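Before anything else, here's the structure in question.
Going in written order, the chains are labelled A, B and C, and every chain counts its residues from 1.
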Amino acid sequence: MTPQDSLWLHHQINLFNAEYAAALDEKRYADWPDFFVPDGRYLVQARENFDRGLPLALMRLESQGMMRDRVHGVTQTIYHGPYYMRHVVSPACGLALEADGQTLRAQANYAVFRTKPGSVSEVFNVGRYIDTFVQTDVGWRLRERRCVYDSEMILNSLIYPI
Amino acid sequence: MTPQDSLWLHHQINLFNAEYAAALDEKRYADWPDFFVPDGRYLVQARENFDRGLPLALMRLESQGMMRDRVHGVTQTIYHGPYYMRHVVSPACGLALEADGQTLRAQANYAVFRTKPGSVSEVFNVGRYIDTFVQTDVGWRLRERRCVYDSEMILNSLIYPI
Amino acid sequence: MTPQDSLWLHHQINLFNAEYAAALDEKRYADWPDFFVPDGRYLVQARENFDRGLPLALMRLESQGMMRDRVHGVTQTIYHGPYYMRHVVSPACGLALEADGQTLRAQANYAVFRTKPGSVSEVFNVGRYIDTFVQTDVGWRLRERRCVYDSEMILNSLIYPI
């Protein structure tokens, strides 16, 4: 990768990750599937399983349709105690552009804080995004985002996407 | 916004936010008002109020003069238990440059950790900066920074600016 | 520093810091000394001591050889309860390039979260990196990284580098 590519791609992915976080944290869940391509995959997986190559994941959604279904479930049907999320995401690393220039791999560390009504903010989930982006007419979109989390004990349950 | 603008502005705002955090975390409070224009506004507001369009804010300072007054109060007159702050701020998002090229809107997620003497570090305040920057002779300065925090229960009280 | 330099250096250092964090968080400890030059220095120091100009540091390693020795100790000989680390690092600030263009000073705020098996993630150590980079054939490498931490009470003990 040329230094020029590295500069541009780093900027684009860091901005993407910040926009992605803002959509979730502001509860604009309907916008969330649009960060993916139509056949995009979203996984939330324990580090323990990821490191051993085991397939089990806490959440595995294999298309925008499944993501929209999840959003519907989260916002319309699942009974759960409400909470705010706040993502703090580091600049990305591990940028690798495939030869066709249309597929990009990247990683980024994240911390998600949860705040329940009337309570203090807590560390909710920390880990890394392991991503594959593809170039589209509207910029980079996720073909796959794998959220590999360190936090083996998920505080209560994980309702919203990470 | 052109890709070139996006690249430059993102760099400038990310650097600004890091310098702002460093000034507060290193207790260089006298430098803090200089991140604003003379008639700049600084607000610290609960997300609950912000989301409903309610005006109540925990802190509302409407000029550099009021900020200097606050700094004087914090450093000279308010009796409080000392603590360290540490800001971790994500890359910015939501960049929008007005037509004149002199006014820029942006957001960034932050987490502030507090450490009291002899104690462990805690999550103190998490939220987002909602900012309006204006171009000046010395670069971008804040016309308004609104710190909208998730943390409804502020650990003890909030003494220093966020 | 020209705006062009600022843009490039900020990109390079932010990427460096993210790669550094990824190596530690993924337990690729053998890679860690390579982020330094052969006679590089690594210190972990309490803010209280740093602010007063006192020399005492929790960890002080004065060459890659000492770092490799530490890595050997951590991975082969020290008996300790295992834990995961996760770094979230802000974009850098305080960039200052020396006249020869080969030495760069920078800072960055970090938060490190710790997760012990079967437990929730905790705030482990927060502070700032105070760095001196030098230009090498393979890009910027650390001549010195000083981790100045706010957290006076280190949860249990600090085993892995920060």
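Structural remarks
One rule holds in what follows: a contact is a pair of C-beta atoms (placed from the backbone, for glycine too) under 8 Å apart; a residue touches a chain by one contact, two chains touch by 3 or more.
Note that this is a predicted model, so its numbers are computed, not measured.
At the interface between chain A and chain C, under half of the residue numbers involved are used by both copies, so each side presents largely different positions. Fitting chain A to chain B on CA positions gives a rotation angle of 120°, reported to the nearest 5.
Chain geometry summary: the mean Cα position of chain A and that of chain C are 26 Å apart.
The multi-chain contact residues of chain A, meaning those touching 2 or more other chains, are 7, 11, 14, 88-91, 111, 123. Listing the residues of chain A that touch chain C in their complex gives 3, 6-7, 10-11, 14, 47, 88-95, 107-111, 123, 125-128, 150-153, 155. On the chain A side of its complex with chain B, the touching residues are 7-8, 11, 14-15, 17-19, 21-22, 25, 84, 86-91, 111, 113, 115, 117-123.
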